[in-house]
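Several structures are given next for inspection.
In what follows, chain A forms one complex with chain B and a second complex with chain C.
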Partner chain A sequence: MRTHYEKRATKRKLKAFQEYKLSNFAASASIVLAILFGLSGYDLFERTVSIPFLVLAGIYLLFGMLQLLVSAKIRSDIIQRNTIQATTRIFGFSLIIALLTGNIFVAIAALDIIKKEKSIEYMLSIYMALTNICIILISALNLFKPYVADLFLLGMGILLAVSVLHIAAMILIGLFVKNGDVSRHLLPLAYLLILTAVTGNVFSLLLGLTLLHKIRHGNKEVLVTWVDIVRRLFRNAMAALGLLFITVLLSLSICSYFTFEYSLAVENNYSTLLLSPSLEYPFGTDDFGRCVFSRIIFGGRISLLVGILTTLIPVIIGGLLGTVSGFYGKYVDNFIMRALDILYAVPGMLLAIAIVAAFGANTTNLIIALSIGYIPTYARTMRATVLSVSNFEFIEAARACGAKDHAIIFKHIIPNSLAPIIVKATLTIGIAVISTSSLSYLGLGVEPHIPEWGNILKIGSAYLESKSYLAVYPGIAIIVMVLSFNFFGDGLRDALDPKLK
Partner chain B sequence: MKKKGLSALLLSTLLVIGGCEVATKKDVVKEDSKEPSVQKPVEIVLLTQSRDETDANVIRDQLSKSGFNVKLNLQPDFGSYTAQEKAGNYDVAISSWTTVTGNPDYAVRSLFKTGGDYNKGPISDPEIDELIDKAATQTAEEYKETYEKLELRLVFDKAYIAPLYVSLKSQGLNHNVLKESSVRLSKSRSMVWEAIDFVDGSKRDKDPLILQQAISSLTSLDPIKGNDGSINMLNTNMYVRLVNLTDDDKITSEGALSHRYAIAEGNSDYYFLLRDDISFAKIKDKLAVDSGERVGAEDVIFSLNRAKNKDAVPDHRTYSLHEHIQNVELVTDPSVLSTVKQSGASGTIKEALEKGLKAPIHELTSNKADVNNQSGKYQVVKLTTTKPFPQVLNYLAHQSAGIVSKKQVESINTFDVAKYDVNKDISYGDQSTVTEGATYNNALAASGPYILSYKNDYEAVFYKNPGYRKGTEFEPKISKVVVRFIKDADSALAALRSGEIHVYYGIPETKFDLVQNDSKLKLQTLESNGVAYLLFNLENREVSKSEDLRKAVLYAINQDELIKTYNDNKIKASSTLTPLVKTGLELQADSNKVKEYLKKYAESK
Partner chain C sequence: MAYINTGRIVQEKLKTTDAMGVRYRIGRTYEKMLKNQLYKILLFISGLPINLVVAAVFFIQKRSDPFLKWREETKFRLRKEGVENQLTADIRYELTTKYIFFNKEVNESKLHAETKKLAARVFQEEVTKKVDDAMRAAGISKVTYGSTFSKLINHPLFFAVSMIPGALMYLFIYIYSKPYLKYVFDRLVMMVFVIFGVTFLVFTILYLSPLDPAANILGQTATVEQLRHFNQVYGLDQPYLVQLWNSFKGLVTFDLGKSFAGNEMVSTEIIRKLPITLQLTVISLIIAILMAIPSGLISATRQYSFFDYGFMVLVLLGLSIPDFWQGLVAILYFSIKVQWLPATFNPDNWLSVINPAIVLGTGLAASVARMTRSSTLEVIHQDYIVTAKAKGLSERKVILKHALGNALIPIVTVIGLQFGGMLGGAAVTEKVFNINGIGSYIVDKQFIPDIPGILAGVIYVAVTISIVNLIVDLLYAFLDPRIRSKISDY
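Now for the complex of A and B:
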């Protein structure tokens, strides 16, 4: 009885420390990756050993083990003293090096443990800096190519400068943000960070806005919903990781204009057909001699764009239709919803295939085709929320004050009904990405030479047995992206849920 | 202060990286020429179907690099591709042609002659028409020069088509089970079942030979009613023909119904001396039995007459292959044979037919039951063509010229062809009569080495014809043949590798190495008669009006790169004639010519 109670008490104690959770996660993720690298380093059929993979596996295993030690130390600290000792926190500094090997899990855990008082600003600055470093590391792989893009040096220079700024910001925030109070001197920094968001770094935008907001309001504890939501979102490590991956992808999509050479991804090169992965071509080359790594980077641009647009369009159209039918009810409601029911009756994928087959395969048609099928579900979600929101007293009050219908809809109803639809949207982006890839895989998406993950996967599927890497890497990219959106969506739902506050 | 520091930092980083000597695209890829490019790029619509996506990608790449703005009209299947082709929504279309009969006339006539069945361009050039007709009357030695002229005009002078490549035929076989040398791979001829043998000879009567075919719905088992992948292999092995093609498309009477054949002077009359050791098989209780009826001259005459007659059966699909046949008749007077001279050789027809025979021609009979080759009693059939046309023999070796039983076909096709009702009348060879179930009523009479017993959606089962050349080397070795219907190419390859099927015909180029690396499998490849080419739209497009524009496209095509993409498993082509007639002409990609012709085109506008 007693031991059982003790166990639960320890569990609760450990649960209170995010550092412990993160550290455990980082350790297991590193070890799993080490095993994966180890497996790919040894060819079962040919009985050959790939040294680079084994070295990588060794390094990941080493960091995984070190992280495990840190975990154990944290555990004993928490159990004995109910706090993490400063000596334990120092370990974090040494583990930051893991970032250089691309092990972001250990790096995040390390940065997390270093600081005792973690403000949301500090967390954001960690992810912001990490995003940028990831972009630099990924772009730097291009140095092994026979040649790089004309703007490569400029792009890398800017990225490095931004990185320096981000690290400086991280340190400054660590020093000057105390107990959630932001010093006024950080105002220029806030503007600079918002400026660096043009690289696609969502974190720096969020951080800049948060700083700006706090400074504007003189650090008074005004109820700022979105800062609160962000804080709760970052309490969920998986959601933050998901957002990190999405941000990296978004940022890559933008930065690749400078740092990646498009011709290597689309132009055939008959002297480099079907090469195995090497430093020059990290994911190998396909049957037309194109660099699969570059293709996946550029393909992310289309997948992300189509994914986001095919979610945004039905969110806007469906959302508006749902609001109108929920607000006015009766005939309007009946008319709109029955019309949408007709659309709902047609399977989305079939509708998309029909539209693309009729109007031709290109990106615009693809976006339209995939968007239309999603409209009814959003309209239904929105309508349900609006129905409940319009019965609240504040709507009645607004009406009593003589507010016009459109004012009530746009000022009161829509802002208060957005939460479910936002969550639904983030979860659907993943599905939209898969749909895009499915259509491309069927030959109905974008033109075959344009890099898109479904297209890349299609070529890979023909060589599944002899050159499996052609299918594995685009497959992993799709999986990770969809998972990221799902984790992020889950996290967002929890963050938006008033019951979980 | 901070900003100054930042810019200094940026500058220093740039310097550091710059010092590493990173080669940028500008340094490596030199601009070809600084001369002003020819106005704006010419737009070209490339029509293709998903199956040819690899070709489309390479051609799109090559044309774009040559300064064209390529728009891809990619259709998911053959049906929608043909619809687009008919509508004329293309400048160039990726097309392909396989000369199934193995003779050059078939490779050009319907494709390039004015008004031809498959002339989709359409090409209408009197000089080409004339050359095609001239070559048709010539023998193999003479027509080479004519076809060279034709190729020159068609491809190099006028650029009506742009050749891409000749494909390989490929076949994988399990050599743990089958004797490798017994499995033939021929250029045009379908698989020769009767020759195939097991490594372990004792298995011949116990185990079936298991083959694969993609299509399970059989067009018709009447040889003249179909010419497609669903029945070509099956009918070839169910019906014997007057002559056959060797593996490299020469005419031979080996494994055919005739002992020998001879061409009479003038190239219009053809004589065939028939064998007496083949009789029709029929199915009784789902097993093959000898019907006792010999395959004779009356069956040959009946079969060839109905082959050329469009109204012989409803939905006749092969009459155009046999339109050169004017008359088929029985020769009963042996003296005719000794008076007519051979074509291109001294000596009479009789001498040509008797060469190598055990018993010389002693008597000719009209009754097939009376034939006895050992005692010198023979049957001779004479075929006359509408005009001198030596290549007619190739059509006689085609599956559609298979010999059917006059008695059996006439007893089944009792309906009036003009009033044929698809719901009521069941014609000879209808697949419903051999499909397991209520409609099963197998009335086939097979003159070939095997006969189809029954089929379902999963497989078709054949048994050896007990009356087919018994005791000779041509007697079928294996008693039972099973043809599995496996639609998906990957599944079929998996079936071959797992040992479920013994031979898989038509392995995709990308999977060659898988078969080669498998120790129990053997890959056979052979240059095929299939040629891929770019067809120009010759109606109402820029490419139809401008020869220069067509030539610019022609010289932008680099066949070597295309072949490399297929891992060197394709062969250079200069027209659909390439696999049949080696004219020596070769297409070389030439970027200077492309520029020159594009310039000419721009000036002419």
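Now for the complex of A and C:
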């Protein structure tokens, strides 16, 4: 009985330290990745060995083991002294090198352990700097190519400068943000960070806005919902990682205008047909000699755009229909919901196929086709929320004050019923991405010459037997993107509604 | 002796009241149904001859309605007592204070008009209330259409005569009086409405298509004469409403014409292909449920354990994998590298169904497992589970006997909802594994576009989904006592 009690007490103690959780997570993630790399390096069925993968597996395993050691050290520190010792924290500095091998899990855990007092600003700055470094590392792979984009040097120069700024910001924030108080001197930095958000870096935008907000309000304890939500979101490592992947993808689709050569992804090159992966062509080349890696990078742009648009359009239309239906009730409600029931009875995929069949396969039609299918779901979600919100006293009060219907709807009801639909939308972007690539795979989506993940996979599937990597890598890209949206959506749901957890 | 006597009397009385009771109940139900606009129309049309008689009687009786006389009397009396003037003054005062509160200037003529309108309405309400009270006290009921019917139906003769022309109407009344039947009937009506709605929707989309199937099938070299002939044969030259009507007719008679390419009967194609898809979906549904529910339960009972975390990551992975990629990887590993399972589907080889079924079921398994975990977690923290545990029941018994039943309700809903998505997603899986089902049929037909083929394919998939949803709805209406009691209340 006593041992059971002690076990639980230790568990509770350990749970209070985010560093321990994160460190464990990083260790297991690196080891799992090491195993995956090892499996790709040594083919069980054909008994072939691929050296680069085995080396990668070895490096990941090494860092995983080191991280495991750090975990053990943190554990003993916590159990004996109830704090993490400074000597343990110094370990963090040596583990930052893991970033160079692309192991962001260990890097995040390392940056997390370095600092004792972690403000939300510090966390944001870590992710901000990481995003930019990832972009630079991915873009740097272009150096092995026969030729680079015209704007490559300019793009890389800007990225490096931004990166220096981000790291400086990280150090400055580490020094000047104490107990959540932001020094007034950081005002120019905040503006600069917001400016760097043009590279698609969501974290720098969030960080800049948070700093600005705190300085404006003189660090007073003002109840700011969104800063609070961001803080809760970053407590969940998986959600933060999901957002990191999404941001990297977003940033990459913007930066690739400068750093990636579009002709390598679309123009036929008969001297490089179906090459195996190498440093020059990291994911090999396809049957027209196009670089699959560049195609995946450019494809992310389309997938992200289509995914976000096919979520945004039905959210707006369905949300408005649901609001009207829930607010007015009776005949309006009956009419709208019955009409949407019809739409709901046809599976989204089949409806999209029918619409594309009628109007032809291209990107615009694809977006419209997918959007229509999602309208009923959002309308139902919104209607349910609006029904419950309309019964609150503040709506009655607004009406008693003589507010017009449209004012009540747009000022009071919609802002108060947005949370569920936002969460739903985040979780559905992933499904929209899958649907887009599925339709492209069937030849019903994006035009075949445009590099889109479904299109790349379609070509890869023809060479499944001999060049399976042509189909495997674009698939992994889709999975990682969808998984990131799912993790982020889950985290957002927990952050928006703590009661749900 | 006396006991037996009274018993017989009671029995006889019951017999007579039984026949009267039926008529009384019919009258009551009829009046209740009139309150719903939709049922009103339904009743009126289904029992038209009877309703005409009732309407005639109603208009004759209405003239001598005591209500009208009473109302005039009450109005006169209240006016004489000065109630109306008092009301007007009150309302005028209220409106003035309201305008002052909102800092609006008081416009005399506007205020006057508004006061008059409001006062008239309030006075009317007051009068009606007074009259209603007085009439209820006197035991006289107002003549309404419903009460006229009730009175008429209480005549045994009228009831007997109306039996034949009003059979359909009485059937509706009977259905309405039984809550379960009404629920089933409502759902059936809704289903028929949805099916026709889907036909209308898909047909309209295909009708609006700018693509020309005739030109696609006959090729660039076709003459104008040939194109016209093609359009005439398939009825494409007819106006929109005629074509829509033909589609509706085809839906009911299960004859949706011939496909443009190959000139095959669409219905026979559907009959051949729908079962293949259904078989695949049902097999993958069973596999998914068998995997998902136990693992969801274990995960919920060991919350925050290593198994739980690993399981949650696995579930999210399952939700994130595109079907076609999973299919390709499965073919790559199980068919090309180790050659355990065949790469393409073959109805005679049961091994070939395993791969597609697992691929198709992954998404469903993930969402069902997730739902199982969260609904079980919700249930096992409720008081009655704590009580069961406190009474010393074993963990196993608590979960399987007390928690699972209640946790299953949302799971059944999710399965019902996901089934539709599965039938839609089957198109992709069928294409990957080269299965000759309805999904790949629709995809093959869309390039022309072959309107009858696509229309029929989408409609019958929607019909299947509607039927499954109906079954799910009925199933848990009968399984869940809470829903049952809600049904009998409404």
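Following the convention adopted for this analysis, the second predicted complex is superposed on the first by the 491 of 501 C-alpha atoms of A that agree within 3 Å, B and C clash if a C-alpha of one lies under 4 Å from a C-alpha of the other, contacts with A are read in each partner's own complex, and residues count from 1 in each chain.
Keep in mind that, in the parts below, a contact is a pair of C-beta atoms (placed from the backbone, for glycine too) under 8 Å apart; a residue touches a chain by one contact, two chains touch by 3 or more.
Since the model is a prediction, treat every value here as computed from it, not as a measurement.
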First, second, both or neither for A:A239, with chain B first and chain C second: neither
A:V346 touches, of chain B and chain C: first, second, both or neither? second
Touched partner set for A:E261, first chain B, second chain C, both or neither: first
Which of chain B and chain C A:Y270 touches, first, second, both or neither: first
Touching partner for A:G430 - first (chain B), second (chain C), both, neither: second
Touched partner set for A:A357, first chain B, second chain C, both or neither: both
First (chain B), second (chain C), both or neither touched by A:P146: first
Touched partner set for A:E465, first chain B, second chain C, both or neither: both
First (chain B), second (chain C), both or neither touched by A:L165: first
Residues of chain A contacting chain B in one complex and chain C in the other: 357, 442, 444, 465
Residue numbers on chain A that touch chain B, as the complex places them: 143, 146-150, 152-154, 156-158, 160-161, 164-165, 188, 261, 263, 267-268, 270, 273, 287-288, 357, 361, 442-444, 447-449, 462-463, 465-466
Chain A - residues contacting chain C, complex: 45-46, 338-339, 341-343, 345-351, 353-360, 402, 430, 434, 437-438, 441-442, 444, 457, 460-461, 464-465, 468, 471-472, 475, 478-479, 482-483, 486-487, 490
Touch list for chain C against partner chain A, complex: 102, 190, 193-195, 197-198, 200-202, 205-206, 208-211, 316-317, 319-325, 328-329, 331-332, 336-338, 420-421, 423-425, 427-428, 431, 439, 442-443, 445-447, 449, 454, 457-458, 461-462, 465-466
Residues of chain B defined as touching chain A within the complex: 2, 6, 9-10, 13-14, 17-18, 20, 22-29, 50, 53-54, 56-58, 60-61, 65, 72, 74, 76, 80, 510, 513-514, 561, 564-565, 567
